[in-house]
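Chain lettering (A, B, C and D) follows the sequence in which the chains are written, and residue indices restart at 1 in each chain.
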Amino acid sequence: MNFQSSISVAEPSVAPSLETRVIETRRRSLALADPLTAEDQCVQAMDDASPTKWHLAHTTWFFETFVLKPHLAGYRLFDERFPFCFNSYYEAEGDRHPRAHRGLLTRPTHAEVVAYRAHIDESLDKLFATGMAHETEIARLLEIGLNHEEQHQELLLTDILALFALSPLLPAYREQPSKPQSKQKGETGWMSFDSGIVEIGHTGSAFCFDNEQPRHRALVHPFRMADRLVTNGEWQEFMRAGGYTKPEFWLADGWALAKREGWEAPLYYRRRDNQWHEIGLGGLQPVDPDAPVAHVSYYEADAYARFAGKRLPTEFEWEVAAQRAAPDRNDLGSGLLRPMPAKNEHGVRQMFGDCWEWTQSAYLPFPGYKAPEGAIGEYNGKFMVSQMVLKGASCVTPAGHTRPTYRNFFYPWQRWQFMGLRLAEDAA
Amino acid sequence: MNFQSSISVAEPSVAPSLETRVIETRRRSLALADPLTAEDQCVQAMDDASPTKWHLAHTTWFFETFVLKPHLAGYRLFDERFPFCFNSYYEAEGDRHPRAHRGLLTRPTHAEVVAYRAHIDESLDKLFATGMAHETEIARLLEIGLNHEEQHQELLLTDILALFALSPLLPAYREQPSKPQSKQKGETGWMSFDSGIVEIGHTGSAFCFDNEQPRHRALVHPFRMADRLVTNGEWQEFMRAGGYTKPEFWLADGWALAKREGWEAPLYYRRRDNQWHEIGLGGLQPVDPDAPVAHVSYYEADAYARFAGKRLPTEFEWEVAAQRAAPDRNDLGSGLLRPMPAKNEHGVRQMFGDCWEWTQSAYLPFPGYKAPEGAIGEYNGKFMVSQMVLKGASCVTPAGHTRPTYRNFFYPWQRWQFMGLRLAEDAA
Amino acid sequence: MNFQSSISVAEPSVAPSLETRVIETRRRSLALADPLTAEDQCVQAMDDASPTKWHLAHTTWFFETFVLKPHLAGYRLFDERFPFCFNSYYEAEGDRHPRAHRGLLTRPTHAEVVAYRAHIDESLDKLFATGMAHETEIARLLEIGLNHEEQHQELLLTDILALFALSPLLPAYREQPSKPQSKQKGETGWMSFDSGIVEIGHTGSAFCFDNEQPRHRALVHPFRMADRLVTNGEWQEFMRAGGYTKPEFWLADGWALAKREGWEAPLYYRRRDNQWHEIGLGGLQPVDPDAPVAHVSYYEADAYARFAGKRLPTEFEWEVAAQRAAPDRNDLGSGLLRPMPAKNEHGVRQMFGDCWEWTQSAYLPFPGYKAPEGAIGEYNGKFMVSQMVLKGASCVTPAGHTRPTYRNFFYPWQRWQFMGLRLAEDAA
Amino acid sequence: MNFQSSISVAEPSVAPSLETRVIETRRRSLALADPLTAEDQCVQAMDDASPTKWHLAHTTWFFETFVLKPHLAGYRLFDERFPFCFNSYYEAEGDRHPRAHRGLLTRPTHAEVVAYRAHIDESLDKLFATGMAHETEIARLLEIGLNHEEQHQELLLTDILALFALSPLLPAYREQPSKPQSKQKGETGWMSFDSGIVEIGHTGSAFCFDNEQPRHRALVHPFRMADRLVTNGEWQEFMRAGGYTKPEFWLADGWALAKREGWEAPLYYRRRDNQWHEIGLGGLQPVDPDAPVAHVSYYEADAYARFAGKRLPTEFEWEVAAQRAAPDRNDLGSGLLRPMPAKNEHGVRQMFGDCWEWTQSAYLPFPGYKAPEGAIGEYNGKFMVSQMVLKGASCVTPAGHTRPTYRNFFYPWQRWQFMGLRLAEDAA
C-alpha cells in the first residue's frame, strides 16, 4: 500500500461530492491506523488522549447516532452496548464509559470495531442510495460527521505520539527519511496591518462549525505579525537565557505548573549525548533548529513572547493576517507528519500547517452565538471557558479541514498537540 | 466602639489628602479585625483564603517593602524574618512561606503583628513628615499600597466568612439586626444600549490599577442589560427547575465540578427545617428572596443565564452601562455587610455594591497593556489567564475603592467572594 | 485445543524431573493466555494488576536474568531494552519501567514477547543439555523461576478478571457450564485443637520460599477452626444485618475506606434484576449461595468474623489445622476457575483451593529469617510490613504450587485476588 | 510559676488517691498549655496532629461523656454543641467534626474551653463528694479518663512541636538550658536472654488498657538486646554510609515513601552552617551525638537495623528485657523535654523514657482479647491493623503513665512522636 497517497486527499479538478468525501474520509481513518498493531490501537497514554480503536469507533458511533438512527428507515443499532462505550461527552445521548477508562476497552476487539465501521459504511451507502443525503438537514449532519472524523484523525496521530513517547522503546509511527538539510532558512519578516473594523467569522454556504458564527464586526488595532513561526533554534535561545528558570517571563499559573512538573523544554524534547532530540511520529530525531518549535503550552508560548519583547496575536488579528497567507500548506496532505522550516515564499508563511498557533484570545462565544438544539449542540459551546483559541492547522490536520475562521481550542497547560506560536506586536 | 463608623469612610466635603487616606485605611483594617479573637485571626479556611492576621501583616509588609525600604532614608526592617512570612507572591522579592501554610503562622503572634503595623505606621508618619510623600513615584506607591490594603480588607471579610462557615458553631462576625421586610420589590427593567465604538479603560489623573489601562477603543454591539441583580428568589426557581441536575444548562467544566463536589445550591446555602438559609457575616439567616443571590461561581452564573434564555454581559457592555448607574451603593460604607434588595430608584441599580458581577469576559490584557517594571509589575499582569472579569463592587468593598473601569478577576469555579450576576441579552 | 488439560498438571505416577516441570510450567503460561486477544493481554486494570503480556515477559526475564545470564556460557540478552521493561521491583537489577505504566507497553508487541519466550525456552534447553541444571545453585534458581512463574499464572488470571470486570461488556475469560446445582450443602463443623508448642515453617529438601523458613517452634493456644469457608449465603446474611453500614463491626481503617469507596458488597458482586450476581472468569453469573465468598478484603473478613462472634485464625493455627486437611483441592488443576461449595468429606475442607484465606497474622519474618544475598533476596523479605498472611490456595493457584507452610500476603484493603475466609475461635 | 514542678508528678511516699490523681492530671494539662498563646493552641500542623485547645477540650469531653453524663445525677451538658466538636473517633457517640478540620475551630474560644474544663472539674468534684467515685465501674472509667488525658498530654507536646517545626520562626516551646556536656558516654552493652515460655500482658489490680490483656503465655527464642538506644552519632554513620540512598537497607514501602518525600535524615534534622541541627521543644539546637536519635519512622528504624546487621526486638522480647531495666527514667517527670544520653548505670538503660522504641511486632490483639462493650470499646481494638507496637516511654510521657506491658502503636511511616530504636539480635 502506498501509505502517503492513502492518507492524502488528492487535489481534485472538480469538487468531489459529499458522498465521495464521506467515503474517502472514512477510508483514511483506517489507513491512518494501518501502521499500528491492535495493541497500539487499544491503549491510551493519558486521560486527555484516546486509543486509536476508540477514535475509529467513536467517529462511527457519531454517524450511527446522528445520521443513521434518525434518518435511515429501519436502521437498527449494530450493537446495543456500543453507544455506552463510544459516546464521548454528549450528555443528551445518555451515560457513557468514563474517559479515563477508554484504554481499558480491550473488548470490543479491534476486529469487531472494524466490522462496526464496515457496517456503518454500508448503511451510509444505503442512505446515499436513497438520495436522501442531499436533504439539507441530513447533508448538514453528514458534513459534521465528516469534519468530526477529520478532527479525530488528527487526534489519532497526536494521541499515538503521546503513547509512543511514553514507551521505553520510543517506536516510530512511520519511519521517516532523514530530514533534508534545509538550506534556505526562513528569515522572519514583519507584516503590518492597519486598524479598522473587520468582519470576523464564517460566511457563505460552505461548511463551518457553529463556533465560527455568527459573522460579526470586530475592531482591530494596528499590529504587526511575524511571517513565520518561532523555530526550535529560537526556542533554544530562550532556554539558554533561562526561559524555564526565570519567573519574570511567566504567568503565575504557568510558573507554578512548570515548577511542579519540572518542565525544562518542550514536551517531546529529550537530551541524548548532550544534544537535544525530539520525539515525533518518526521516532527520536535530532531537533531541526529551523523547523518550528512544537508541543509547547500556552504558558510557554506566552513566556517566550514576553522574553522576546513581543506578544501573541489575538484570534482576530490572525484571521485578518490570513488574507495574506502564503500558499504553503504542510498539513496531513503533505504526508511529512512533522513541522518543516518555512519556505522561501512571499506572504505570511506556515499559516495552515506545521503547528497550530496559540493566540492570546480566550475561547469564548462570538457575539450572538447560539448553540444548535439537541445533542449536536454540545459539540462546541459547552467548552467555552478556560481554554485559549489556536488558529491555522498542523502537520497532521487533514487537508481541507481548516480555514481562516476555524477556531481550535485547548487548555493553556496542554502540550500534546502540534502546538507552536507566531509572534505579534502593537504597531504605532 | 461604634463599629460602623470605624469601618465606614464618611463622605468628606473636601477630598482628603493622601496622608489622611493612608492613615484612615490603615486604621480601618484594625477596626475590621476588632470583632475577632486572636484565634480567629490566625486560621485559614482553605488555601485560597488567608488568615486575618496575615492580611494585617501582608498589607504592612507591602508598605514596608515598596515604600519605606526604598524611600525612607535609614529605614531598617522591623524584623528580618517577616518578609519571608508575609510576601504573598512577588517572585522578585524572594522566597516566601507557602500560601497553604499561612494558617500555621501562630508566630509572630497577633500582638507582634499589631506592633509591626504600629511601627510601619510610625515610619509612614516620618515619611509624611519629610514631605517626600508628594513626590510622584512615592505618591503612586502609597496609592497602590492604600488600594492594595483596601482589597485585602474585602478579602479579610470574605475569608473570615469562609472560616466561620466551616465552624460547627456557625458564629457571626457581627450580630445583625433582623432583616427589615423589604416591601418594595425591585422589578427587573431592561435598559437598551446601542452599538458603537466606545472608549474603555481608565483615563484622567486619579488612581487606577495597571490592568485598567491603556484606555482604548472597543466595539460594542447593541445589547440590553437588566437594571438589577438576579435575586435569591429567582435563583430558587432555577433550583426547582433542576438547575443543578440538568447538564444542558452547564459548561462542561462546570458540570463536571458540580457533580464531583455535589453542588446543589450557592456556596453558603444551608437547608434548615426544610427552608433555605444562608451563612453570612451575621451568621445563619433565612434567605431573603429579594436580595441578590451571592456566592455563585461563574459556572453557576453562566448556567443560570442559559436557563433564563439570556447571557452574562461582557465587561465592555458593563462599563458602558455603568454610565447609567443609579446612585445606590451598598458597599462596606453602608455597614450592612450583606447584599440587599434593589431600591426603587431609576437607572441601573446595584452596580457598585451588593455583589461583584460575573461577566463573560476572560481576564486578559487590554490592547497595548504593559506591566510596570520590577516587583510591583507582578501585581496584576501575571494573573491574566484562565480567570474571568467581575465588575462593580460588593457589600464588603471599601467605599471609594472601585470605579467603572475596575477589573476584578477570579477563576470560574471560585465562590467564596460576594459574587452574583446580572443578565444581559443581544438587542436586535 | 483441550483447554483444561493444558492448564492442568496431571498428577504423575513418578515425580517429573525439574526439566520437565520447567517446560510444562512455561507451556502452561502460554496456554493460559490463549483465550485472550493481543489487546486483552496488553492492558492493565489498575496499578496493582499487570497485563498478561507483561506477566509472560516478566517471568521470562526472570529466567534470563537469574539463570541464563549468570549460568549459561555465552548467553546474550534477547533484547538489551527488555530488562528495563520487564524488571518488576528488583532494585539491584537496575532501573525499570514504572509499575503503573505497564499497560502502556504496546511495544514490544505480543508476537515479540512470544518470540522472547521461545528464545529463553530454547536457551533453557541448552542449559539442560549441558547437564548443569542439576548443580545445586542452578537447580535452586530454576525452582525459584518455576515457582515464580506459577505465582504469575495466578496473577495473570486475577488480573485479567480485574480488567474484564471494568468492561461494559463484562466478557468471560472462558465460557463456563452453568453451575451444577449443589445439592449436598456443606454444613460447618468445628474442629478442636489443643494448646502446645508446634513446629512452624518448612522442612525437608523440597522447594520452599525463603519466607517459610527457618522452621521454628511456636506456641499455639487451644482453638477451634471451621471445617469450611464462609459462604456467599452467610455473607449475604451479614449484608442484610447491616454489615456494610454499622461501624461497630469494623476496624477503623477499614471503615474509613469502605465509606470513602462506597463498598456495599464483595468486589465483584453486582445487582441485576434485584438479585446479586458475581463477575467471575465465566462472566456475570448469579451468586451461588453455597460457594465460598470471594474477593473480600481483610477489613471485610475481619468485620464478618466480629459480626459472627468469631475471629480469623492465626497463620500458625492454620498451619496446625492443615494436618487434618481433607483431600479436596479445587485449584487451577480442577479447571473450574471458580470457588465451589464444600464437598461432603471428612476433615478440614477447602484448605488448598477455592479461596486464599485471610489470617489475623501480620506478614512478618519468622524468627531467625534471613533474606538471601543479592537481587533474589528482594523476592519476599522487603515486603514484610503492613500486609497480612493468607494461607491455602485458590481456584486459580497452579496445582502443586502451594503447601501448608506457604505464606501468601496482601495489604488489608486488597480484594482482587480470590480471597475468602474461614472462621476460628478460642477454645476453653 | 515553677514550670517543671507543675508538669511533674512528684514521687509520693504514699500512693495518692484516685481523686487526687485526677485533679493533678487535669491541672497538668493546663500547665502544659501555659507557655502557648491562644493562637498556638488553636492550630494543627497536619491531619495527624491536633491543636492544643482541642486536646484540652477532647479530654474534658471524655470525662463528660463517659463519667459525668451516665453517672452524675442531674448532670447536663456544658454545651450541646461540644460533643460534635470534640468527639475524636467514637462512632457509637455520634457524628463529629472531621479530624483534618480540628485546626479550624477558632470557636469555641480558648477562654470557653478553659471554662469548659473548669465546669467539668467542678462536676467531677461533685461526683467525688458523692463518694460514688469508688464504685468499681466509675473508678474504672475515671482511671481510663485519667490515662487518656495523660496520653493527650504527650500528644499535646508532640503536636505543638510539629507545628513549631513548620514555622519559619522555629519558636521554642520552652527555652532550654544549653545541654550539659555529656562526659560519660554510654557504651552499648548486649544483654542475653534465654529461650522460654514467658507470661506476657498485664496482671494484677492496677490499671491497664484493654490491649495489654489477657495475660498469656508466649514463646520467646534466645536473643540479645542492646542496653541503650541508638544514638544520633550512630545514625549519622548510617547517613554517611548511604542509609537514605541505598534501597538494599529498606522495606519496599519505606523506600518508595522515602524517595517520594525526599527523606534524607530524621524528621526534625535541619542542616545549618554545614552541621546537623535538630528542632526540639527548645527550638533549633545542634544535634547531640550521644543522645538517642528520635523522630524516625519504623521504615527508617528497620533500615538502620539491617544496615547494622541486627534487627529490632519483638514486643515480647522487650517485655522480657524490661525486667532488667535500669532505674533511669527521662520522661515528662524529668522536665528535660528531650532525649538524653544514656547514664552510666547497670541494666538495660533508657527503657522508660527518652524515646518510644519501635519493635518488629505488628499491633494485633493478644490471644483471647475482647474489646469492652460500648463506645469505650472503641478505644484500642479498632486500630489493630497496619500499625507497629512501640514500647517504653518518651521524654514527654507523663511519669507513671507507662509500664512494661504498655503497648503504644503507630503506622510505620509516622515520625512526629519521639520515636527511636534499640537493637536486638538472635542468640545462638
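Throughout what follows, a contact is a pair of C-beta atoms (placed from the backbone, for glycine too) under 8 Å apart; a residue touches a chain by one contact, two chains touch by 3 or more.
These figures come from a predicted structure and were not determined experimentally.
When chain centres are defined as mean Cα coordinates, D lies farthest from chain A.
Note on chain placement: the centre of chain B and the centre of chain C lie 60 Å apart, centres being C-alpha means.
Per-chain Cα centroids separate chain A from chain C by 46 Å. Taken together, the chains touch in the following pairs: A-B, A-C, B-D, C-D.
Chain C meets chain A in the complex at residues 37-43, 45, 53, 81, 84-85, 97, 101, 103-110, 163-164, 166-169, 171. Residues 89, 91-92, 197, 216-219, 221, 247-248, 250-255, 298-299, 302, 360-362, 364-365, 367-368, 382-386, 388, 412, 426 of chain D are the ones that touch chain C when the two sit in their complex.
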